[in-house]
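Just so it is clear, A, B, C and D label the chains in written order, and each chain counts residues from 1 on its own.
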Amino acid sequence: MSGLQDLYREIILDHYRAPRNRGELPVPPAHLVEGFNPLCGDEVVLYLEVEDGVVTDVKTAGQGCSISQASTSMMSAAVKGKPVDDARALIRAFKALMSIHESKLEGAEETDLSADLEGVRLGDLEALQGVVKFPVRIKCATLAWNVLQQGLDETAAESEA
Amino acid sequence: MSGLQDLYREIILDHYRAPRNRGELPVPPAHLVEGFNPLCGDEVVLYLEVEDGVVTDVKTAGQGCSISQASTSMMSAAVKGKPVDDARALIRAFKALMSIHESKLEGAEETDLSADLEGVRLGDLEALQGVVKFPVRIKCATLAWNVLQQGLDETAAESEA
Amino acid sequence: MMSATTSTLDVARIQADFPILARTVNGKRLVYLDSASSAQKPEAVLAAMDRIYRESYANVHRGVYTIAEEATAAFEAARTKVARFIGATDSREIVFTRNATEAINLVAYSWARANLREGDVIVLSHLEHHANVVPWHILRQERGVEIRWIPITADQRLDLDGLDDLLDGAKLLAITAMSNVTGTIVDVAGLAARARAAGAHVLVDGCQAVPQMPVDVHAWDADFVAFSSHKLLGPAGIGALWARAELLEAMPPFMGGGEMIRDVTTEGFLPNDIPWKFEAGTPAIAEAVGMGAAVDYLQAIGMDTVRAHERALTQYALDALADRFGDRLTVYGPAGADDRGGVISFLFDEIHAHDVSQVVDEEGVCVRAGHHCAKPLMRQLGVPATTRASFGVYNDRADADALVEALAKAEAFFAI
Amino acid sequence: MMSATTSTLDVARIQADFPILARTVNGKRLVYLDSASSAQKPEAVLAAMDRIYRESYANVHRGVYTIAEEATAAFEAARTKVARFIGATDSREIVFTRNATEAINLVAYSWARANLREGDVIVLSHLEHHANVVPWHILRQERGVEIRWIPITADQRLDLDGLDDLLDGAKLLAITAMSNVTGTIVDVAGLAARARAAGAHVLVDGCQAVPQMPVDVHAWDADFVAFSSHKLLGPAGIGALWARAELLEAMPPFMGGGEMIRDVTTEGFLPNDIPWKFEAGTPAIAEAVGMGAAVDYLQAIGMDTVRAHERALTQYALDALADRFGDRLTVYGPAGADDRGGVISFLFDEIHAHDVSQVVDEEGVCVRAGHHCAKPLMRQLGVPATTRASFGVYNDRADADALVEALAKAEAFFAI
């Protein structure tokens, strides 16, 4: 089961079993955003509080496989308290980590993404790198990050309006 | 070219080169009916005069391949002056002649059609039997007969109305 | 192959007909348990398609030359085979589509748009696959029809208590004959009779039933039946709509193009005869021939034998799962195999369906995890996903055993 | 196979790649001259499809197990190949359909129904195939759009004198890039520029152009391009719509079912991302892979080389026909091969197209007779049918010579 050990690193199983930042935030002031993985029905729900360009609080709900839920938990821990710009850099870096394989699977053009990885500390998140060997699961890992991106875009649009 | 000689019997080529009953009839009293072969664009136009249950006059127009036009010519000669009932018996007999193969091609269920052939004198029309070896051409041969059938049905409906 | 009167399948012999079963995954033999999603293909099907391409390939219905005639004859012969396979007596009633999904959309775009108006009622069930849900949602958005849902019981059968109320004033009952999630077999004939009594037309999603049991569209007394070749041991890329000839005759065309016309001018067009009226453009030629070869293959086995095999193997697997995992594993659907096809959906209390599927793949066992394109049903089950094992004619008890062993490994892997 | 820089084709070597060319008809070698209707398939395409079925067949996008991942990867890799083949930079812009016909119907049902209203204008040409006529007739019946027709010249080119008037107020120009009857090559980029200036969207029927010449959808500046695999040396049963991503994003779904959804409830549904939003149900999996293998094969030859070959062979055949039959044979389309693809339609004064085709088949020569799904054009030509010979990469001068000899026999046979 060596391939499996790569996919299911201990730290991933830990986040899966004991997810960080589970819960809800009052909406508003928090912003609510949801995402689905159409393949497997995984669901990520994100409550996002953004103030003065900082992600002041994050809570998560939803259900899904170990990869999607661990990724959600790790994401919430990584961005909570961070400036929005840092969170966006993390999104880009994480997607770059996943994208070499994802682009092959979905047929998107390959572009050089290494720039997105430079200077960003992924920390625990790097444990998710084993996912790229299992192309179908990449969507499980990226779901939370797509939801975060959508949430940040929407709060930015709101604060402009 | 033995297969071809079977398809293009001399009598067929004769009807093709010198079609009988070409022309038009005033509508009304004549009835006008047209048919197409969607495969090749062959066109058969029929002017039909029916009085007291007799096909008193027939004229034909249209254009198409030797088989469709020869069949039209032979049909017109065969039914002109005949009682409608005899014309209908001829339609059934002619289709029976063609149908063994047509049903195979189109996947229709095979039914016993020999009854339709019994007691009907096809005469010259039998020359068209070679067509069954060329399944795609069967529609060329039957086109005129389908048009005739439609014409007889329509005149019957009109006289009832 | 077995004769139609034999009731047990010589699975070892059948397996030898399926080239892919010789392959290994991660060094393990391939245990393919996802036939409800798509079935593997026997050599006879692959050979029939290959032969067309190597010997008689040409566009159909368009050429008078020899290979075009051969291709056309093979294509139309396949239509007749498919018609007979489901008890249809008129092969003009078979419209070739890409898949069952297109077959249902064809009915939604052509028949329903011509016959249903705002407020008209369509009755579906909570067991339906998205293919028999979304076309009606699209129609509702466009036309404002009303959709009513037949609920399900705790063991995922249809709950028919309120059926007459649901059918009251309905124009269409669109129902699956067998759930692709729980395997639940639906009493189509019984439902169709009640739908007809209420004045509704009946569409049957035969995707799962047609490959697994004897089907007779007239015994069902249906108006429309949709199914796919790829679940029937045939190639993907082709499926069929069966519909009563008089309905097809009256329906407006769906897609426009070559083949479906009798005449075209700059002013308009005249449609072709059925079934070609609904087959616009160049069809899937080799695939039709492959589908014909697939029904030949199944008919040689005998659909009664297929059904007996599915039932016996499903019962065996249900028992084996219960023995090994007890309450830790929830199995959905009717309790016994008599009322279900060869499909078993299940869920460990603590392990997500997706993760289970991943771990058992390591053992060469292919099972599907997800919502199985039946999200309304998933919501009824109260879960986002299940793991599903499903059986084909090439599966045997050793495959069910392999599943149980692989699941035990998954359970151990995710144990806290 | 030749490299992309070589400009003449080693046809003998190419022929060896096409298994069907080894067969005989009536004891004569097969001279296949109906590639405009459907092309033959090289071994590489057949092998790619066979390999999927024998090694990696499973439904796509649905399973996490190994063979499902392999099938999905092969399917999506084919999409990327097809995208690159026509110069698209984003493979999400390729929607797999059954054929070009469905691709155009998709635009008519989805984009046009969302964007066109009663009285809106669609501009077509008299060169169009029914696939690019009938969907618009159906739309006109439903929505009351107006269809205007670009007329043709005496040698069957587009007559562009009145184009600006025709385009005035138009919402869509839907035009073939190459006639399947006369071979006329249309200046798509020029027309598209004028259409855009008039505010119209541009749909290109690339069925004949994509297999025969280098195509770049961005150089054309088109919005939609439809084409079929089966004319491109690939299998039937699959085709593609290329469309700009932002258009696809904005378009409503066409068919509903599995794969095209993000979520489904009893109340409604959310569509999936592009391109899957438009791919309802199980797709033609092996066929997509086969289409990918076909574009690989053509790309290895080089589309410039393919075009040069078509031009040279067409010119040779035009000359040979004129030499042998003179005025007795009417040949349609532009006089020289520079402005036409590898398609030649012709008619003997006294012999019907159908009969000619039948007689030359006796010599093993496959040519098509009929209206070629272009009845509006046939009416312009003033004939019900023509005979048509068309060339593929596997044809050579010996094939053109065989055509001329066979036609001479037909002429003799029907001589009075």
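Rule of thumb we're sticking to: contacts are C-beta pairs under 8 Å (C-beta built on N, C-alpha and C of every residue); 3 or more make two chains touch, one makes a residue touch a chain.
Computed from a predicted structure; not experimentally measured.
Asks: From chain B, how many touching-chain steps at minimum until you land on chain D?
Replies: The distance in steps between these two chains is 1.
Asks: Round to the nearest whole Å and give the separation of the Cα centres of chain B and chain C.
Replies: Between these chains, centre-to-centre, one finds 43 Å.
Asks: Could you state the distance in Å from the CA-based centre of chain A to that of chain B?
Replies: About 73 Å, centre to centre.
Asks: Any idea how many Å lie between the Cα centroids of chain A and chain C?
Replies: Each chain reduced to its C-alpha mean, chain A and chain C end up 36 Å apart.
Asks: Would you mind listing the residues of chain D that make contact with two or more other chains?
Replies: Correct list: 26, 62-64, 68, 261, 263, 354, 358, 369-370, 375.
Asks: Going by the contact rule already set, what residues in chain A reach two or more other chains?
Replies: 39-40, 134, 137 - these are the residues of chain A that touch more than one other chain.
Asks: Applying that definition of touch, give me each pair of chains that meets it.
Replies: A-C, A-D, B-C, B-D, C-D
Asks: Given the complex with chain D, which residues does chain C contribute to the contact?
Replies: 19-20, 23, 25-26, 30, 32, 34, 37-38, 40-41, 46, 49-50, 53-59, 62-68, 98-102, 104-105, 108-109, 126, 129-131, 133-138, 140-141, 147, 149, 228, 230, 235-239, 253, 255-261, 263-266, 268-269, 280-287, 354, 357-358, 360-361, 365-370, 373, 375-376, 379
Asks: Which positions of chain B touch chain D when the two form their complex?
Replies: Of all residues in chain B, those touching chain D are 1, 3-4, 7-8, 13, 17, 39-43, 63-69, 134, 137, 140.
Asks: Any idea which chain C residues touch chain B in the complex?
Replies: 61-64, 68-69, 72-73, 76-77, 79-80, 83, 89-92, 94, 261-263, 270, 272, 276
Asks: For chain D, which residues count as touching chain B in their complex?
Replies: For this pair, the touching residues of chain D are 26, 352-355, 358-359, 362, 369-371, 375, 378, 384-385, 413-414, 416.
Asks: Under the stated contact criterion, what part of chain B meets chain C in this complex?
Replies: Spelled out, the residues of chain B in touch with chain C are 36, 38-40, 104-109, 134-137.
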